[in-house]
Each structure stands twice: as structure tokens, then as C-alpha cells.
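Here come two complexes built around chain A, the first alongside chain B, the second alongside chain C.
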Partner chain A sequence: MTVASQDTLVEARNLSVLYGARRAVDDVSFDIPKGRIVGLLGHNGAGKSTLMKAMVGLARPQGELKVLGLDPWRDRVALLQSACYIPDVAILPRWVRVDDLVTLMSGLHPRFSADRARQLLRRTSVGLADKVKTLSKGMVVQAHLALVAAIDARLMILDEPTLGLDVLSRKAFYEMLIEEWCDGERSVVISTHQVEEIESLLSDVLMLNEGKLVLAISLEEIDRRFVALSHDAAVADEMAAAHPLLRYRVGPGPGGSAALFDGEPPAHLQALGRRMRPSLVDLFVALTRKPELDRTQF
Partner chain B sequence: MTHFLPLIRREWLQHRFGWSLLALLPLALGLLVAGFGQVEFDGDSPLPVDGALPVMLAFAVVAGATAIVFIVMSLTSLIIVSGLARRDHADRSIEFWLSLPLSHGESLAVPLLVHLVLVPVAALLVGLLGGYAISIVLVARMAGPAAWLELPWGALLPATLAIVARLAAGLPLALLWLSPLIMLTVLSTALFRRWGIVLLAVAIGLGSTVLERLFGQPMLSQLLGRLLRNAGQALASASGTGLTLRSDDDPLVALQGVPGWALADLSAALGALASPLTLGALVVAAACFALLVNWRQRSSKAAD
Partner chain C sequence: MQTWDPRQPIYQQLADLLAAQLLDGDPPEGQAMPSVRALAGQHLLNPLTVHRALQALGDEGLLENRRGLGLYVTPGARERLKAAERQRFLVAEWPRMRDRLRRLGIGPEQLEWEPRA
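Take a look at the complex of A and B:
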């Protein structure tokens, strides 16, 4: 994800965002082409929300950032007509009825479809006549997701969109997103801590660690580049001697260990273990953990 | 400003209950008092319909009801406006509003316009209609049900409408004079939350005291006095002659003089604008608004 083209929806070069003296996002460069579903992963405080805010013009960046060909900070209003955004702390106004909110959105967003929103809301447990203040946290999230999904945007930026939703609602939302919203032209950027749930949906991954981009890669490239070897405890020392990115448990018992390598592991090690596909979570841990920590010790 | 009407609708949706309550409650109380209260007048009762009292009473009731609803709603609007910049932060819905394609300027300007101009003007109209309703009850109790229709409406209607028009036309002028204080208040509550008003009051009080006692310069207190005085005169008595209707005046003649008084008074209020203070007030208000826009632009906090 580093080659800009006409199909690039987001283009960041040496992008930094500062809050006072703190660099929340530190010199990151990446591209997001059209038709991609990008997972933005990082620990709490890694800079995910700040990067997303910068992408929709709510945080002032340094460096170069173009979203849909626009400067988000300068052209925020024009950008938000074609890019929709759910912030991580989003709460809908409590004083309004859901149907009034749909009507308000119709007037305030040129690409919002009230019919589509009502259609999506009917699939949820949220009633159109309900006041937001009477809804549970999960229902508010459902309502917000339905409103955002009714926007005919080219780019959807979702910061922890399913926080507070039960597993069925999360599954329903992601199914709707993939089957109905994504059409090969639109792209989605999702930040979430529930990595396992969205791993199968993603086409690309951006990993942030303390503001720095430690990985910007497609899922296909991950399969080609990273290799995990599961092995018995008897060969653990030999695996450790090859300095894998991460050693971790993959199952109970002494034989349930694995070593994760960036690139092909040495040939003699491949004979000692069984090759397996590393999960996104293990890769995330490997690339963003504190060096002094070792998961095998827990 | 393509989002003008939707943003007005937003204010209506958020405040409709409070607005309706505050506007209709005084009128309902007025109707109750007029309908069931005890009304006593000196002299014989019932009063003759062609006497001065029913006419002047109807005028006073309409003007009074209009003024009361206008004052109640205007004060309420000032309270709402003082916390306007932070209201969406309180329920955290600011993140939702910031995710919509609305400029920061229009997101601040339209609510200000609604609360400072549209609501008071609407209050004038509601107060006027409510005043007519109260006058029906009151005059009917005094002089019979048909008496209200027999009032000299050719003079009464223009007189009451002139009062409403005078207040409506004076409102933007009063707001202009008050705009530095209003915008400073909004800005200070944006920056310092609920302490903003206290800090502003302390700063103004302390500033004027220091200037006056240490440097012998009462300019700040004089400036504030002029702003408040001009704002009051922008709404009424700008010409220095208040509207006075004496009971021994011929009611028709007195009422026929009201539109002329209103026009002269408005002219005097407009004439007061020809002052460097007008420009200064506008500059301070515009600077505060620009700072508010800048504050709103930067108010989205980091939350990774």
C-alpha cells in the first residue's frame, strides 16, 4: 500500500500529528486504494483515533495528507460529503427521536438516503419513534451505524464502530458492510480491538505502535511474508536461537508452541516444526509488544 | 449557507418543549387571572364600552403580554446562548456533529441567530396573540362579550402592531450593542466551562475598578454603561420620550399617536448607530466569533 495512483483514496506522506509536545502520529506514510477494507490496529494510545481524525479534518496534521484528493484540514466540509466517519466516542444527541435524526441528516448531508436509513434501522431493535436517551448503549451504536451506512460515500472511516454491540449485532453489521456497502469502488478503514472478528473481512492492515506505522501490508502479502512454525518444547531453544519475531503458545501441553518469523525461517528449523499461517493477532503482538515482555512467560 | 433550515430545525427539535412552556405559561396564567381573578375598578361597574378604560386596558394587556413573553424568552435565550459553544460537549454528541459536513462557522452562527433573533421575534408574535386572547376575556368580564369587538380596532390594532414592530426592529440593534458582551460570554464559557461567566464578570469588575481607582480612568465602566444603555434604548425610548398614555387622554388620539412614536423612536435608535462605538462593538464581536470558530475547530480531543 505505498504506490499512489488515480485510484488512491488516501495518500499520506511523512504524516505527523502533535498534541503539544507529544507526537500522537509520528511520520507515517501509506496509501489506501479504492475497494479495500483496511484494518487500523494499535494498542490504546497508539495513534489510531488521531490518525482517523486527521483523515477527516478534525486534527491538524503535519506532512502531506490527501483524502479523496482533498486536504482534510482545509476542505473538511467538502471531504465529509464523500467520506463518512464514526468516531470512537460517538454518542448521538440524547434529546432527539431517531426518526427526527433521520430527517435532520437528510437536510445536513447531501448524500444521505433517509429511505435507506429507515430500511437499515428496521433490521435493528431500534424503533424510529424511540428517543435516543431511552436507547441502550448498543442500540445507540446500531442507530449510528445505520445512519452512517445510509450515506453514499466513497470512504468510510470507523473508529471502534462496534464497541458496545453484542456479537449478533456485530456480525450483522459487518455482513451488511461487506455485502451491501462495499461495491469494489468504496473503501473502509476500521479500527478495532476485536481483531479476530474482522480478520476475515480485511484486505489490508495498518499497524501503529506509539504513533509509528510498523506495518502497512495486504493480507495476501502477510501470507507470503510471515511464517509461523509450530513446534515441540524440545526444539524451543533452537527456535529461540533463530530470533523469531515472537514465540507464543498455540495450544495446551508442551507441544503447543510456535515461533513467528519475518520471511522464510532457516531451512533446518523448517524441518523441526510445522508451517502454519500466523494470525493477525499474533502478528500484531509480535510487532507492537514491548521488547521486554515475552508472551511465553505468562 | 445551505444548512440554514436544517440547523433551525435542529434548534426547534432540541428546545421546542422548553420554548412552548416558557411562552405559553405566562399567557395561560394571564388568561386564568383574567378569567377567574377579581378585577376591581374605581367607580361604577360595568364600565361603558365607549369609555377610555376598556380601550386602554386592552392596549395595556396586549402590550404587557407581548413584553412579558418577549422578556422571558429573550432572557432564556441569553442563558442558552451563554453555554452554546459547549452544549454538545456535555452529552458528547459533539463528535457526531463534527462528523457531518457542516462548517464550524455555520454550526455556531445559525444557533446564535435562532436564539438571539428568531426566538425573541417569535415570542413577540406569540405574546401579541396571547395578549389579544387575554384582552377578550378581560374586556368581556368588564363590559360584556360584545364589547371587545366594539373596541376601536382602527386605532388599537395599529398601535399594538406598532409596539411589536418597534421591539422587533429594535432587537437587532440591541443585539448589536450587546454583541461584545454576549460573544465574550460565549467565548469564556467555551474556554473555561461553567467558570467562564464568573471569570468574565470578575475580569470586567476588577478591570474597571483598577482602571478607575489606580489610573483614574473610568473608561471600562463607562463603556459598559453605554453599551447597556444603548441596548435598552434600541428597544424603547431611544428618543428620550417614553410611551406614556394617561387615563385622561382621549384613547383614540393616544393610540393613534403610538405608531408615530414608534417610528420616531426607531429613527432615534438607528441614529445612535452613527458612533465609533458601533464599529468597536462589531469588531469585538467578530473577533470573539472568529476565536470561537477556531476553538471549535480544535476542540476534538485525542482519544486513542
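Take a look at the complex of A and C:
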């Protein structure tokens, strides 16, 4: 294995996944280096879950895909020693006790540490003797993360991990993920619709629209490449004339508008507005809305 | 969850927040700062962002790196922060406040300096 491939955990080149004639994932290419927290964004049906399944060998792709230097479809068993995955449909059996799950995982996974799992569970309000059916939805997800984070893996793939959780449970989930699992070497891929909430957590973004990758970029690069100008309603026409990617309202109160540009906006416009950090949600809306749904924002 | 002002870099906002806590003695001078991971978890921020914020505080001499031990609050950091805050008040806030007091015709003798019991 070369140095480069050790630092790159996922390498996809012209990757497609077909369901019959439908291209769920359509010719995407990207890299995920080590030590990253990657947000996988897209509307329902954009191909997020399919792409994640391909990364852990549960969907057969066309094109090139290497995860931890392995072909996920051919080497799934070897891959799953060092990559872990919580699918969006993950459930734990209702009748099982949490310490039974720890025992089960100890037998199933060679890189699972029962001690580590118990230590992580102590962070939560989940008791080892609790049965899954007595736990709240948030506690089940916490228990699930504690079990998966007790695997000494290099890559974690989380498909809509906080769906249906209240705000405190979501915060607790991400807190455990950041404090207990991310160590600067491991990478995580998270898909979610709660873009605003995890934006500041992310180092990179992969944005899918109808199977196609419309953006694969680091957050730092977003700040350099995209510029949002907040401006008064009085200069709205000038802003519109420069063809921004998106125009939207900002902040509470009347009159606050903003225009989002790919690249530096013309100098005369910069004098009319105030630069802001473009938000991921605005970028997402700008890059993934369907042309037929295109509507004037004002 | 925490929201960050889109007009300023997030690392700068975190650095300001941590500086305000240092001014309140949290953590006290000579004590260790929480780890990057702990801060990242607490504020739901990317660890790289936290790292940049701590670096900014280090550049201002408020934190010092003790080899192998991590970041500690520099002795004298609070005094330094207080001096900077004082300066900021006198330059940025006081002139506006003074103008307002003048407009309202409020003199020093009308201002209570001792908090009411």
C-alpha cells in the first residue's frame, strides 16, 4: 500500500449504482482523506443511502471504488473489520438487554472492545441491564453509537443517524461521536437533512442531486469560493442583474436580503453589500433545486 | 443548538467566547484548557475550527503550550484580557455612551455608582 492510499480512506472514480435502468448514483468521483468529518447531503432519493451502501459493499457499483484500499463488494468481510456503518433502517431487537448486545458484539467483531463499549455507555443514561424495549428512541440511538464506536475502525458511515430524535438527543449523539471517536485519523461520513445543525461540525461536504455529485468540497474551500452579500432591498435589482446562484432573505426583521455568488461578485456589487459566510443550506438549495421547480425567491 | 454569526469566522467567535470565559476565571490561570475534542464536542464544532481558535488565543499570549501536557492558561492572562477589554470599552463604547448621556442631559452626579442593596 502506498502512502497516498493510506491517507485516502475512500476513493471513488466514475462510480455508478444502477437499480434496473435507474441510476441511483450517477458517475461520481471523490476522495475522502483521513481525519475528516464529511456531510453527505441530498434530497430524498438523491442517492445518499445507495452511495453509503456501495461504500460498505452492500450495493454493487460500476466504476472504481476503493475503501481503505479494498474493493467493498469483493472484500466486504475484510473491509468491515475497519469500517463501521449504521444504516438508516438500523434497529436493535426490542427484547435484548444492552449487556447481551455487548457480549454479542464481542463475539462477532474482532476489533470490538467490550470495555470501551461499557465506558461509552456510561456517558449515556442507558444501563447495561436495560432492555431495548424500555429505552427511548434517543437512548437506543446512543446505545447503537456506543456499540459501533467501540469498534477500532478507521471509517464510520452514518446514514441519517439522528432522524426522529429531539434536539438534546441529537446534541448528545454528535458530542459522543466527536469526543469519543474522531481522533484526527479516523473519518466519518454522515448523511442528514438537518444541514444547519451539523454544518459547523463538518470538514467536507458531498452534495448529491438525482444521483449526480454537484459539489465535493471542503468547508474552507466553500468560504473561499462562494460569497454571500447581504444587502438592502433598494439594491436588489443590481444584485439580480449579476446573476447570483441564489437570492434569499436573511435574519429577522424586514429588508434583509442576500445574494449568493459562485466566485467573486463584481466589484461594484461588493460596495453595495456586506460579505457573509455562505451557509451550507443556502448553497444546498442553490445547487440542488430542480429547474422545473425553480421559482423567484421574492 | 448554538448558532454562529455568518458575518464572522466561526473560529474567531469561539476564540471570543473562550476569552470571555478566561476573563471570568474559567479555567483559572495556570490551569489546563479543555482538550480540542472536548471543546469540539461541547460546541459541536469541527476539531480543526477549535484548533484554530486555540491557536488565536495562543497568538495573543493567553494560552501557552506545555510540552506533552497541552495548553494552559498563561499566568497574567486575565489581567491582559481585562486591559484589552478596558481599552476596547474606552475606544469603542464610551464615546457613543457619552454622546447619549449628553443628549439626555445626564451628568455624573445623577449616576449611581454603588449598586442598590
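In this section, the second predicted complex is superposed on the first by the 282 of 298 C-alpha atoms of A that agree within 3 Å, B and C clash if a C-alpha of one lies under 4 Å from a C-alpha of the other, contacts with A are read in each partner's own complex, and residues count from 1 in each chain.
In the analysis below, contacts are C-beta pairs under 8 Å (C-beta built on N, C-alpha and C of every residue); 3 or more make two chains touch, one makes a residue touch a chain.
Quantities reported herein were computed from a predicted structural model and do not represent experimental measurements.
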Joint occupancy of chain A by chain B and chain C, clash or fit: fit
Which of the two partners, first being chain B and second being chain C, lies in contact with A:M276: first, second, both, or neither? second
Looking at A:L219, would you say it contacts chain B, chain C, both, or neither? Reply first, second, both or neither. second
Touched partner set for A:A228, first chain B, second chain C, both or neither: second
After the superposition on A, what does A:A24 contact: first (chain B), second (chain C), both or neither? first
Superposed model, angle subtended at chain A by chain C and chain B (C-alpha, nearest 10 degrees): 130
Partner chain(s) touched by A:S200 [first = chain B, second = chain C, both, neither]: second
For A:V167, decide between first (touching chain B), second (touching chain C), both and neither. second
I'd like to know which partner A:L120 touches here: chain B for first, chain C for second, both or neither. neither
A:G184 contacts which: chain B (first), chain C (second), both, neither? second
Applying the touch criterion given at the start, work out whether A:L108 contacts chain B, chain C, both or neither, answering first, second, both or neither. first
Smallest Cα to Cα distance in angstrom from chain B to chain C after superposition equals 25
Over in the complex, which chain A residues touch chain B? Could you list them? 19, 24, 42, 44-50, 53, 56, 58-60, 76-81, 84-96, 100, 103-110, 144
Complex contact set, residues of chain C against chain A: 1-2, 4, 6-10, 37-38, 40-49
So in the complex, the part of chain B that touches chain A is made up of which residues? 3, 5-7, 9-10, 13-14, 88, 91-93, 95-103, 298, 300, 302-304
Residues of chain A that touch chain C when the two form their complex: 37, 167, 170-171, 174-176, 178-179, 182-184, 197-198, 200-203, 219, 223, 228, 230, 250, 274-279
